[in-house]
Structure formats: C-alpha cells, structure tokens
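In the two complexes that follow, chain A is the common piece, with chain B as its partner first and chain C second.
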Partner chain A sequence: METLLEILQELHEDIDFETHERLVDDKVLDSFDIITLVTEINEEFDIAIPAEEIIPENFNSAKALYAMIERLSDY
Partner chain B sequence: MLFTSYSFIIFILYYTIPKGLQWVLLLAASYLFYSLMSIKFLFYILFTTITTYFIGIKIGELHNIHSNYLADHKASLSREEKKSYRAFMKSRLWKWLLVCLLLNFGLLVIAKYTNFTIENINGILELIGSSKRLTFWNIALPMGISFYTFKTMSYIIDVYRGKYPPEKNIFKFALFVSYFPQLIQGPISRFDDLSETLFTEHSFDRKNLNFGLQRIMWGFFKKLVIADRMLVAVNTIIRDPEAYQGIFVFLGMLFYTYQLYADFTGGIDITIGISEVLGIKVRENFERPYFSKSITEFWRRWHITMGTWFKDYLFYPLSVWKPMLNFAKFSRNKFGNNFGKKLPVYLTTLIVWFTTGLWHGANWNFIAWGLTNGIVIIISLECKPFYNWFHNKFKVGGTFGFRLFQIIRTTLLMSAIRLFDLYRDVPMTLRMFGTIFTKPNIHMLFNGSLANLGLSLSDYFILLLGFVVLLIVSLVQRTGSVRGKIAESNMVVGYALNYALIIAILIFGAYGIGYDANQFIYNQF
Partner chain C sequence: MQINILEYLENIVELFPNKIAFGDGDHTITFKEVYDQGRAIGTFLHNKGFYKEPIIIFMKKSPETIVAFQGTVYGGNYYVPIDEEMPEYRIKLILEKLNPKLIICDNTTEEIAQTFDFQGEIFLFEKIVKTQINEKALEKIRSQSIDTDPIYIVFTSGSTGIPKGVIANHRSVIDYIDNLTEILEVDQDTIFGNQTPLYLDASLKEIYSTLKLGATTYIIPKSLFSFPIKLVDFLNKYKINTICWVVTALTMISAFKVLDKSIPEYLHTIAFGSEVFPIKQFNLWRKALPNAKFINLYGPTETTGMCCFYRVNRDFQEEDVLPIGQPFKNTEILLLNDENKLCKKGEQGEICIRGTSLTLGYYKDFEKTREVFVQNPLNNAYPELIYRTGDIGKYNEWGELVFVSRKDHQVKHMGHRIELGEIDSHVNMLKGVNGAATLYNHEKGQIILFYAGDISKREVLEGLKKSLPRHMVPNKIKKLESIPLTSNGKIDRVYLKNII
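And then the complex of A and B:
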C-alpha cells in the first residue's frame, strides 16, 4: 500500500490519497494520470492491468486500486 | 419536420398498444424510418446487427465454458494450470472479437473511406508522373453508419470483457442498434445503459410527456431559430473566401461555433426529448461545454459519448497494449524519466485524435482538425509547470476575471481549430486563418458589409437574443434541471415560458430550406 501511495503522491502532491474516495468522479485523476499510474503500477507490482480494469470503480480510491492490484497479482 | 412528425404518430401508438409490444413497435418504427431514408441502407445495418449478435452469443458461450470449467476444477487445478487455461480461453475470445471488429469496422471503412483512399492514390500517381488513375466508387454513405457501428462495437467489446452477458433476443438487439431517435446523430449509447429502459414496459406519465415535449421544443428553438439562421451568414463567408477575409474569417469562426453548438445540442435535445416521452433514458451528450476552462475539459463536456468511446475503447487499450508498454520502457531508458514517461502518452493521444478526426469524415481537413486538437492538448500538458509557476506567483486562479479569461480562451481556441471543418480544405484554412492577422480589415465591420451576409438587422437581433437565452439557461442549469425548476415555479410562469418558446419557434424559426432530419450537421459524420 505504501508503494502505491508514493506513486499516487508523486502525481498529485496536494491530495490526501489515504482518504479520498472519488478520485475519478471528482476529476482529480484525468486519463493521462490514469495511464501514468497504470504504467508505474505494472512495473512496480509486476502485473499487467488490462484495459477492461480501467474503470472508475477501480481508480476512485487508493484502497480500490490496491484491491485491484491484489486481485491481479493473484490471477 | 419529418423526424418529429413521425415521432408523434409513434407516441400515440406507443401508449395505446399492449405494453409488452412497445419495444416491438419501436423496432418496426426504427426500421421503417431507416427504410424511408433509403432501402439500400438496410443491408448495412442488418449486416452489423446480425454479425454482432451471433458473435456476441458465441463470446457469451465461451465465457460460460470458461467460468464453468474453472468452477468445476477449482480444487484439482494448480495456479499455473489455471493461468494457462485462462490464457487459452482469452485467445479464443479474442479471435471472435477480432472477427467482429474486422467485419464491421471493415464495412465502415469500405463505405466511408474507399473514395478517400482512391483520391489519395490518384494524388500519388500524379505526383510520380503516372497517367494511370483509379476510378471512384459510386457508393452512398449509409446514414448514421459511424454512430451505429460505434454503438455495436462498444457492445461487442463489453461482452468480450465480460462486463455483461450478450443479449439473447436478436430483435431486442436489433432495436438497440437501430433505435430511430438516435440513429442519425447519436448519442453513442452503451448497451447496458440504454437497455435499462429501452425494452421495459412504460405507462403513460404526464411528467415524462411534459419534460420530453419541453426538451423537444428547446431543441427546435436552438435548431430553427438559431442554427438555421446562423447558417446563412456562415455559408456566405465560406463560399467567397476572396471577398471575406480577415475580420470576416474571425466572425465566421465565431458564428460557426454558435451554429454548430445550437445545431448539434439542439438535435440531441430532440433525441433525448423524444426518448423521454417514450420513457426511455438516453445519456446526456453535453455538459455546458462552453463553460470549460481548458481544451481537455471541453472535450470532457462536448460530445461526451464520443469522447468516452474513444477513451474506453481506443485510448486505454492502446496505452496498455504490449508493444506500447515496451515502447514506454524504451522511451524512458532513452529520454529519461521526465520526457521519456510522457512520450508514449503523447503518441497515444495523437493516434486517438487522428482517428477521431478520421471518424468525422474521410478528408484531410478532418484529420488536420483531429491532430491539431491532439497537439494543443499536448502543448497544454507541457505548459503545466508554467501554469503552476504562474498561479503560485499571481494567485489569480479562483477569481471570476481569470475564469472568464480561461473560458474565452478555450472558446476561441476551439473555434479556431474548427476552421478546418468550416473550409474543408487544409491549405485554404491556413491561408484564411492567416488573413485574420495579415489583413484584419476591421473597418469592414462598420461599412455595411455585415448587412451583405444574408442576415437583416432583425436576424442579428434574434441571434443575439437567442445567445442571451442560451446563456441564461446554461447559467441556471449549473444548479439543477431547468425544467425541474420551471415545474416547481408558479404555474403561470411555467405556461408563459412554454408558450414563449413555442411562439419563438413558430415566428422566428428559419424554415427556408425545407427542414428535415437530413440537415443536422452531425448527420454527415
């Protein structure tokens, strides 16, 4: 989780990613941020996030992102 | 009025027949509507409907086999075995998806882009001095093909991704593809979204009728009072580029922005309004786009269903495509962590905008339009550090004045890029844009030339008044539905506003060109 928070924090220093739950809905993360995130997560966690996982529900909070990472690592 | 008068007959039938047959009536009405346009077009839409339906069913079956097998062998399979089974099934699913995409995008490409390709090949032949020329293909572009192909391809990709199971009933699926109010200019609905209300039974509802009719009227006001009036001046300016340069190009650019907004959003208002009367919910396609503070925000709020289509089905898949990820790695090693990281995103952005341009039409001007959008977005991303520095230094970020500046800047930028669409010729567009700066001739605004654009003083006044009405409605809309507010207000006010709208359309509507559904700008895409 810490590594993920670090990646997120690097994208937007001013956001509290531990508590924010509407990152996509509130347009904190735009499509460019999402792609940067996907690339970094892929490398850091050695997974391959497919396009169908790029949906708001998976990117709205750090918690949701982490749950997706765990699910995909298990796959 | 063909489109709407047709809808009114459907409205009456829709609420008099047994409710279970409502969707069947819509299917019949949609096919009749499409056949009235041209019987030849039926082949194309049937092809897309049938191929997508059966491949959808096949993909659904493979998904079932996949999940049943894994459930049955949960305990006996090792992790590695499960992984390799998933990979095997994925490749089978992918093959079917690919067949569907190739067949349907193939048909779209053949119908829409064959002559454009021939034109370019002929251009190359001329360039290399050959006397050979390919003959153009005599083919009429099926109406709405870009819209319904995108709609069906989003369906098949979603089924492939396992987002929802395929539709079992071919007739219901056929209705999703051909639903007549959105057949010719969208919005590009998603199956899971539209099917929630498209196939269900609907009882007559006074509120739906009132709201729907108001929305239809509002669409006609935009289309007939504003767009079709503005069209006259826009056409005068672009048809005589030698006479109308400098300030007139600038005016034409703003006029066209106004015309296209009224035309396209008005058309969508009519579509959504008709659906509302039928009890069917169609997703909004606009969210006050001209209040956007940047071009990326504009594209989140203008033609939303197209933008999200390209994002979900091209931008993201392309970004996570293995070769693109490899390129990202290469780029980071070669160009460092900063620019190297951005390069693949920029490349994807340009590919997506090239395709968006091409989707709008088989012509270089649309490709130039698309690419310019992409380039401006990339420049604005590159300018981010500068913006941050500026805002830290000057603290003007939240002020009304600065927001207004951002809105005007975005509007001017979008309007300027749209000149490609207006002149339909890349060198001509660039030359005309140049004249805004090289020979502005501002004095021509005051020498009576404005009266020669085909609009009288009262036309200009109506257009200005229309602008004020649109602006007020958009401002009110920021805090909730305008129709909701009218419904809650004093009954007299409600009636007065409704009558004012109807009277405005009847008296000030520009009926000169025998209005029908063929004449919406977005029909041609």
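And then the complex of A and C:
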C-alpha cells in the first residue's frame, strides 16, 4: 500500500489519497494519470493490469486500486 | 468560388436537412438545427451591434458549441473558444489580450463566467438561440464579407509565458478542408468520433468536413479516454468509421491490449497527427485493422490545421519512423538550410510552408508575427510570405519528408504543443523560487521540472495547477540546491538531462 501511495502522491502531491474515494468521479485523476498509473503499477508490482480492469470503479480510491493489485498478484 | 465557410452549411442543409450533424452521446442536432440556430445567434449579435469582434465562446464541449461558432461567423465576427479546463490564470491572460466585448456561455459555465475579471457582457446560449432570425441583416453582413476575413482565434503556448493567439481566415480554412476531405475520403457516410478539444484548430477536421459533405460527428466524452474498453464500446455503438486523434489516445487502446479483446469494428480511416507514433503500438493497430487506412498528418496551427500527409503504404519496423510525407495540394514545403537555401538531398533543414493555408498571424502581436511569417528568401521580386515552423526535417530515401527535431525548446506532449520556456516562466513567478528549468523526457513522454528555492514541491505543484493548463503541469518535479549553469551562464541542460 505504501508503494502505491507514493506513486499516487507523485502524481498529485496536494491530494490526500488515503481518504479520497471519488478520484475518478471528482476528476482528480484524468487520462494522463490513469495511463501513468497503469504503467507504474505494472512495473512496481510486476503485474499486467488487463484492459477489463481499467474501469472507473478500480481507480476511485487507493483502497480500490490496492484491492485490484492484490487480486492480480494472486495469479 | 466559395468565399465563406458558412457556404458549407448552407449547401448541405439543402441536401440533408434532417440528418444528424453533431452528437455527443447525450443528444444530437441536425444540419437544419445548426443552420437555424446559427442564424439566430448571428442575428442576435447583429441586433446588439457586435460586428468584426472577437467573441469568446465559453461552453461545455457539445454540439451547441459548434452552433455558437457558426452563429459568430453569421454575425460577421470571429470566435475564440475557451474551456472550463483552462486554468483561471490562462483565461485571464487571454481576456487581457483580446479585451472582448462579450462572452457566450451556457447553463453549465455561466457561474464561472461571472467570476471572470471582465468588463464586457455575458450572454447565455440557451437564451440568445431563441432570437428571431433577420434574413435581411444576415444577407447584408454576408455581402460585405471577404475570404480573408478572420473566422477564429486559437491560443497556443508561448515561450514568454503568454499564450499566442493564432488568427485564421475563411480562405485558409476552405483550402484546408477541401484538401483534407480528399485525403481522408470523407463523404456522407463518414461518421467521425471527435477526440480533440474544440478550442484547438485540430477540431476543424471534424467540424468542417462534416458541414462540407454531410457527414456526422460524435463528440466522445473526455472521461472515456481514461477507460479504453468503454471507449471502444462507444466507437462501436455509434458506428464510428473515421477518427483523427492524437497518438496518445490511440496508444492508450493498443498498449492496454484492448485490441485483443474488442475491435472498433466500423473503423476504416485512422488519422493521427504531429506526434511520434511508437511503431510497436502502430503495428498493433495495423494488425487489428488490416484493411483500414492509416494516415499520418503534420502541420502547425499557424498554417491552419495540417499541411502534410503520409498514407501508410508499407511495413514499418520498430526502429523506423513514420514520415510526414508530402504537402497537401496547394501547399509547398521549402526545406531551408542555415544559409536560407534549399537543402540538398539528405541535408537537414527547417520546414517552411508556402501557401494559402497560412493564417493571418498572431493577434495583436505584429512583432512575433514578423519573426516567423517572413518573406520567402528564395523570392526577391515581390512580397510573398512563408511560415517558418522551427521544425527540422529531411527527405528520406523515398523522397518523403521526415520530422527530425525542433530548433528550440518546444515539445509535443499528449498531442499539445508546449514551449518549455512557458512552464519555466510560470515557475519563476511563484514566490520563493530562485530558478527553474523544464526538460522533456522523450522516452517516457514526461515533463520534468527542476527548481531551486525555499518552497516545497507540493507548493510548486499547487501554484502551477492554478496557472497552467493540465497538459503543461510537470509530471515530475525535482528540487535542487541551485540550477546548474554552464561556463557562459546558461542553464546546463546537458547536466540536467543526465540526472533525470
């Protein structure tokens, strides 16, 4: 989770990612960020986020993102 | 001879009055509606006495924005689109430059418009579109219009920190659209999926090709460009067959391997512009859509949209570069070397453009205009302007033009043209900053800011978000003790490049 928060913080230093739960809905994360996030998460966690996981629900909070990473790391 | 862009709309409304012209996934409007609403707005502007004025269009990206553009021209004025995504400070700079008498907004932007530091009047699209059309007045305006009158101003990045307003006329747009529609083979069956913002000249492609040939354009909601599967679903739902997108929008789909699962099945024409298309990603697209036409477009805003094209006709390996090909009809490219002579075979030179496609220059900036819209150095007999792009190019073994690099610190990032110096000057304006240098990491496609001073990275970022458009905010910020200088006192970019 810490690594993930660092990646997010690097994108927007001014957002409290631990509590924010509407990152996509409130347009905190835009397409620039989603692309960067997917690339960096893939690298850092050695996973490959498949296209069908790149949906708003998975990107609305750090928690949701982390749950997705854990799910994908299980394989 | 066509002299006014409105003739596109007037011809097509005779043929396809009830066909859908523009839609956005929420609602649609027909050519007849564009025609009637456009004339209503033109009449409104006339009634108010606005003529030959820059008119700010500050509306949500929607079919109505395009109606407002047409209405502005019906009234004999020229439109200046701004957008709610633009930061307050940039809008302030644009308003200062133009000193406009009015803003047209809609229900969604009215509140923000009220907060602008602005002396003129604000009108609501939803209200003025109900104006009773005055045919006689519109005819009179038209009879006084000539084809070198301006249509729009779009703002592009300026290295001094102040955006430059490029002002284009009927003639340059007609020349562009006539040639572009031939290259893209647009007809009444074309269905465009628009990606580019309406405040850039990039959107001329869809708007005026649709009006010229009776095609249809769907504006794709911006949020879909974050979520590739939904994006492809949208393309299929509206049977979109032609797209002119920035490369990053295309690579987002291919890099996330969406094409393995879901194909935009109606797509047959894919144009992309003025950014390097990584061949690995490009080949994924070609493999997924082997029968589609792929067209690389190139051109600066200063010469109206695009001016060169390359229709992909051979295979490309990962180390290859897609050429920008050949000029549009009625445009000539002069590749000039340091001595202002034509380059010899294989020699690199500055890409200079000659043709009707030249815009009128930069609004209220004669000095900057004269720096780049210059007398053709190959012609010492009569006045003839060319535009110096600052792009370095060369011809490859097939005789196709290839983009090599920039003469200055301008970069292309996510489809936007950015002067890195503009970012520097905004950082330097922040209190507590002692020095700044912005670099671009071409491999990762990231803007990297180095700064020195007493404020935190977070404060720098917060400050920049208020003054710069989203696409110009640095992706990475690094704080240094001081900005390294070379022995002759310039910023040591080579050193900085090595510590990226």
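As a working rule, the second predicted complex is superposed on the first by the 75 of 75 C-alpha atoms of A that agree within 3 Å, B and C clash if a C-alpha of one lies under 4 Å from a C-alpha of the other, contacts with A are read in each partner's own complex, and residues count from 1 in each chain.
Heads up, the rule we're going with is that a contact is a pair of C-beta atoms (placed from the backbone, for glycine too) under 8 Å apart; a residue touches a chain by one contact, two chains touch by 3 or more.
Owing to the predicted nature of the structure, the values given are computational and were not obtained by experimental measurement.
Looking at the shared chain after the overlay, A:Thr19 reaches neither chain B nor chain C. In the superposition on chain A, A:Ala51 contacts both chain B and chain C. When the two structures are aligned on the shared chain, A:Leu29 is found in touch with chain C, with no touch to chain B.
Residues 30-32, 34-36, 38, 49-52, 54 of chain A contact both chain B in one complex and chain C in the other. Only residues 27, 30-32, 34-36, 38-39, 42, 48-52, 54, 75 of chain A touch chain B when the two sit together in their complex. If you check the complex, the residues on chain B that touch chain A are 83, 86, 161-163, 296, 300, 311-312, 315-317, 319-320, 325, 328, 341, 344-345, 348, 381.
Interface of chain C with chain A (complex): residues 222-223, 225-230, 248, 252, 255-258, 260-262, 414, 457-458, 461-462, 465, 470-471, 475-476.
Chain contact summary for the complex, chain A toward chain C: residues 10, 12-14, 24, 29-32, 34-36, 38, 49-52, 54-56, 59.
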